[in-house]
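Each of the next two complexes has chain A plus one other chain: chain B in the first, chain C in the second.
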Partner chain A sequence: MSTVAAGFERARGILPRPRGVWGFVLRRVLLGLLTLFLVSIVVFAATQTLPGDAARAFLGRNATPESLATLRKQLHLNEPVVSQYLHWLGGIFRGDLGNSLTGSQQPVTSVIGARIENSGVLMLIAAVISVPLSIALGAIAARRRDGVFDHTTSIVLLALAALPEFVTAILLVVLLGTSLFHFLPPVSLIPPGGHPWNYPKELVLPVIALVFAVTPYIARIMRASMIEVLESDYVEMARLKGLREQTVLWRHALPNGIAPAIQVIALNLAYLAGGIVVVEFVFAYPGIGSAFVGAVHNRDLPTVQALGILIAAAYVFLNVAADVATILVSPRLRTSLK
Partner chain B sequence: MREDELDRIDEEARQRGISREELLKRAAVAGLALAGSGGLAQIARAGIAATPKRGGQFRVGVAGGSSSDIIDGQDIVTNPDQARLMAGFETLVGFDKNFKLKFNGLAEELSPNKKGDVWTIRVRHGIEFHNGKTLGAEDVIYSLHRLIDPKLKLFGGAALSSVNPHGMKKLDKRTVRLHLKHPDATILDALGQYVAGIVPVGYSPHAIGKAKPNVGTGPYKLKSFTPGQQSVHVRNPNYWRHGQPYFDGVVIIDFPDDTARVNALLGGQVDAITNIPPAQVGIVNGRSGRKVLESPTAQWTPLCMRVDTAPFNDARVRKAMRLIADRPQMVKQALSGHGHVGNDMYAPFDTAYDHALPQRHQDIAQAKSLLKAAGQTHLTVDLQSTNGALGMNEGAQVFAQQARAAGVKVNVKILDSGTFYGAQYLKWPFSTDFWGTRNYLSQVAAGSIPTSPYNETHWPDAADRKFLTLYREALRTINRKKRYEIEHEMMKLEYDHGGYIIWGFSNFLDGYNTKLRGLVPGWKGVMQLNNFGSGFRTFWFG
Partner chain C sequence: MSGVAAAAAPLALPKRRRPIVVLLRRAWRLPRTKVGVLLMLLLVGTALIGPFFAPHDPAAFANIPYGKPGGSTPLGTDALGRDVLSRFLWGGRSILGLSTAATAIGLVLGVSIGLVSAYSRGLLDDVLMRIMDVILAFPSIVLALVAVSTVGPKLWLIVLVVGLTTMPRVARVTRGASAEIVERDFVQAAEALGEPRAKLLLGEILPNITSPLMVEASLRLTYAIGLIASLSFLGFGEQPPAADWGLMINENQQGLTIQPWGVLMPVIAIALLTIGTSLIGDGLSRASAGIDRTGGE
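== the complex of A and B ==
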């Protein structure tokens, strides 16, 4: 919450002040856009630090003076850096991310379009499962603090948190796909043109791997904040009024306990956008992760830049959404904006 | 007829420049063929033992691949591209499992005049492209024009430098006369390379991999293709080889990640994969219903010394470096033992290869004394390498260890491939590189003369200019025996003074489901999985 407040303070300093919740939302969105703009400079600048230039990096062993000249022209590499940047930035707003350098040189948007759908579905399913699951785990653990359930979940979640997701992913494959049992496909081959929801079996293992990757953090923070809330005076008051424990827990304590967790949820979902790269690679899942790895490997800069901006945008969006959600669920913050 | 007998006939046919069928026919007329050794009965028995079955969808996972994948009858970018090319396209002549040239391709005849500068190509009767067009002389002329088009810069074009673009004449529907710029004994090798596919007139004239429709004469027609993911191919119902291919369809899937590829084989999601990491060979072999197919290759990852740059412009230093290499240890460590020891000479599958050259062994004492004589007792050199192929970085590192014993300090610099293949490529004084399986003279054209596209060592040095004269002489010598003598002289020069340290040749390690039949172990292939089943036409499901 402190980061929200601080951000709020900063925002108040430099921007005109439309009042109320919507004013706050507007300011957050504008700040998000500013962040994205800065990210775009960083993403673009990173491509300038390559040895040689982008054309030479891409052509590698096949570079000839003619092909270098053609590609440099195509990438506007002969223009000054600033105008290259403006050209690229302008393209983003027109929905033109340039053409992929590889193969048939299709527009980047069509290369990554289907990949975004695949990854989006994977992330969405992982989020829909892991967020309620971790909130419930955290809340129950807090309620039964120091009980068997609390200790067991603590140990399991800590163990999962300690394992990098590629290790859990590979363990899952060995356990359920290749060596011990054979009832799930160890790699997720979704043919081009197919939609991931038509291949539920292929989704199971990557989804579990992602759920394992994010659940521990959210559940831990949820548990900590619920313990604090359950010890507060108003919960005591609710209990003394004779409300059922279930009602106290889910209706009264949870909304306040969830506020700090929202930030962590957002961070973890944003992390999914990046962490999915590793999991997709292990399962050969055709999403943005494997597209990103492939594009970096091929030095396909337009695609790298587009995916870099896309993942950054996911981060910014989720953070803004988290800030707004925190305000909305916390009556204290909500009223202070009035 | 026995296999070796057929081999002999092919050899003779090659030498005389006529087709196997022609030779068989002539022999039959003379009443010699098929006599003795109970030939027919033997063929019949072999046929019963392994009758291929029709049907099924074959799924193969190929290492590598990315959005830069293409399908083109005459070019490749990635490893899966090779598999896709093989499924759809064919060459005039081909290589068999011993890397011997065979008249088993689209050409019924491919014969030179006495001098070797005029060749006659006649394609078989009644072969159809996937779009229904009948293969004819004009397609051969078009294909050769496209291969040597300087604008397209196709890799297969380098070996066809003797082909005169204005010297191709259509004699009749199926016959082409080829007037070369000079006599060329390697023309059959060049036409047998898998990238010398025959494409129909008008096939993608200005760009690589953009043909529409993308058609060849191969066993499978292309149905769909998504670069970086997969391609689907369906059986060509009008295929010219009787009975083949056996599968209804083939799916070629990209698998850049080693673990995912092996998992897909173990999990039964694919029927075969290429490039099993040496560490996982045991895992695959230990699983019931899965097996590893190991095949020798003539592909190599040399250490390249620039013969025109200090310290390697001194032949004594080059020899010392070659004596430092403990080749068996390099094969054992850099290739995990899945390979063969090299002898600083490429093209071991070539019938021209000189097996009389003594195997070079590690000799630190001699290396030290050579370095001393050259005034390089405490030599320190940088060795540039990149992760281009298995054996490049590994070989460099093992060599650096071995060099310490001779007082030579080798600093291995592992570069990212953009830097390695950047402006400095082919200019590094000491570097690694990788090469595929080729015959000797084709390899010389590709990497050992000043006009080669990739001559890392800048061979020949000033003292060995004779090499170039010999090369030109060898090209012009159609008589095989005489040519081999010249080639041996060339090999001797490279063996004594060359800039390559060729320590080994890696094996292909492929995995397959045992329900797959038709795989031949020990196939001396250019590509994995028996050259991808020569276009997936020699495999079937048992």
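== the complex of A and C ==
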């Protein structure tokens, strides 16, 4: 909300004045693309030009002058930095991300391909569960403001928000996977080529860990937003008409309370893109996140670059979607742009 | 009689206190702040004093791997047969030191950029804030991992990257809070007196935004602890054979079913530490919102 307004205010200085809603959407998308371009430069600069040559980093102590030279050639490290970058960027558009340095040196795209589905399913299920759950929690807490439910959820959510994802994940493993109860697998063994939805038990713990990571923030903003709505005149009116409290809450107040929360919802879904890195690693879940950690361990530069830009792109995309969705659902912002 | 007294009380001018003192006093009245401070003292105490009570050398082999608690190893041994209790007592220093350093770097850089941005406005403001936006366009952990992949798991790098990802959030808060201060008369008076720019920013504007900065600092510390613990859990922080809470969890996760203490102790410590700092942060932000509502005592 305020970030949209602020971003809009600032963006106005750079780009021409928007014409209505679609002008705003267009500008926001363009800014998103610009951000993505800058992100690609940062990823590239951080991996290819930082001190510590990528070829030497990968080969480590086993490096011989010949193997170093070969790898430098393969990674185009001998060319000028700008042409290296353009070559890499061009490759992204052609769908060629280079070859992985490890194992059978297969193309990075084929390494990523299967894992995108796994990570996508994980994020999607986490989103589908956490969004309605947190909206309901926030709405009920607002309705029973300062009651037992409100105070309890407030403290529990504050604690959950404070915990790093891997701590939540490990605690879940301890509680449900190993020490106390044994009914869920502590490690997500999904064989290559298998679809995650065929292994529902393997999905449970990673999904809960991600849900716990994003629910607190959405629930908190939802509570604040609903408190404001419940004090408004039209809710008062609905109550005076003699409607049942349940109807007032869920049919009249909730739809209006969600609008200001949409930004936070989308931002938190974007947050899932980063959250999968650690959570997948804990459960050895075969997705983008664990592949990324593995590639960093192996100093497998082309894979690190590809996955880094992929996760960042998902993040930027969801951020843009957050702003666009907010503008589309909130009448006040929409009219102020006219 | 009593009516007169009650009416007179609010009129009595409160002693002028610095806003930061008012904020801390108000925050301290909330039970959650007390609990937070207690948890933090407990964990910081464990990290600082703990090593003096460690029964074994944290890197020395004490018994068979994954040995059960008992005898000279009250919490058993880890994956390599080292004493879990000793490693736990030693393992808090690095995470606390690194996250404090990272938060400090983020605060110094963020406050400087935020102040300059708010004061200069115009093009410089736009450019600085755009740069902050680009850093925010990454999930922090991805930025950290990309840097680690080339340079290697160096501690200075982790501190620097976490500091850099802390910076934009601090800069935004600083800029937002000082935007209104910059317009005030005393700033213009100082300008007219020809005060040097740096003195103006640090001497006139900074003291007026300490409350929001305190709140932000505690939030950022929670975030830095989480991120640094995550990185060392992934194996990119302290390197073996160092005793470090994040690394301990990583090393002993395989043996969770046989000997859970090597994982449980550091997990609980990190959990209580982050909950503690975030309770303090929540207390401060509630107190600060209360001050805003009453028009700043």
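By definition in this document, the second predicted complex is superposed on the first by the 317 of 338 C-alpha atoms of A that agree within 3 Å, B and C clash if a C-alpha of one lies under 4 Å from a C-alpha of the other, contacts with A are read in each partner's own complex, and residues count from 1 in each chain.
Going forward, contacts are C-beta pairs under 8 Å (C-beta built on N, C-alpha and C of every residue); 3 or more make two chains touch, one makes a residue touch a chain.
This is a predicted model, so every value here is computed, not measured.
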Clash or fit, chain B versus chain C on superposed chain A
clash
When the two structures are overlaid on chain A, which partner does A:Phe24 contact: first (chain B), second (chain C), both, or neither?
neither
Contacts of A:Ile170 with chain B and chain C, given as first, second, both or neither:
both
Determine, under the contact definition given at the top, whether A:Val111 touches first (chain B), second (chain C), both, or neither.
first
For A:Val277, using the defined touch cut-off, is the partner it touches chain B, chain C, both, or neither? Pick first, second, both or neither.
second
Which holds for A:Ala295: it touches chain B only (first), chain C only (second), both, or neither?
both
Between chain C and chain B, which one touches more residues of chain A when both complexes sit on the common chain A?
C
Contacts of A:Pro192 with chain B and chain C, given as first, second, both or neither:
first
Answer with first, second, both or neither: which of chain B and chain C does A:Tyr217 touch in the superposed model?
neither
Examine A:Trp88 and indicate which partner it touches, taking first as chain B and second as chain C; both and neither are also allowed.
neither
If the two structures are placed on top of each other, which part of chain C overlaps chain B: 2-10, 200-208, 254-262 or 272-280?
254-262
Common ground on chain A, meaning residues reached by chain C in one complex and by chain B in the other:
50-52, 57, 170, 173, 178-179, 186, 281-282, 293, 295, 297, 299
Residues of chain A that touch chain C when the two form their complex
10, 13-14, 35-36, 38-39, 42-43, 46-48, 50-52, 54, 57, 155, 158-159, 161-167, 170-171, 173-174, 178-179, 186, 271, 273-275, 277-278, 281-282, 292-293, 295-297, 299, 301, 304-305, 308, 311-312, 315-316, 319
Any idea which chain B residues touch chain A in the complex?
66-70, 77, 153, 209-210, 224, 226-230, 253, 255-257, 259-261, 263-264, 266-269, 416-419, 421-423, 425, 454
Under the stated contact criterion, what part of chain A meets chain B in this complex?
50-52, 56-58, 60-61, 63-64, 67, 100-104, 111, 170, 173, 177-179, 182, 185-187, 189, 191-193, 281-284, 286, 290-291, 293-295, 297-300, 303
Hey, which residues of chain C end up touching chain A in the complex?
32, 126, 129, 133-134, 137-143, 145-152, 222, 225-227, 229-230, 233-236, 249, 253, 256-257, 260, 263-264, 267, 270-271, 274-275, 277-279, 282
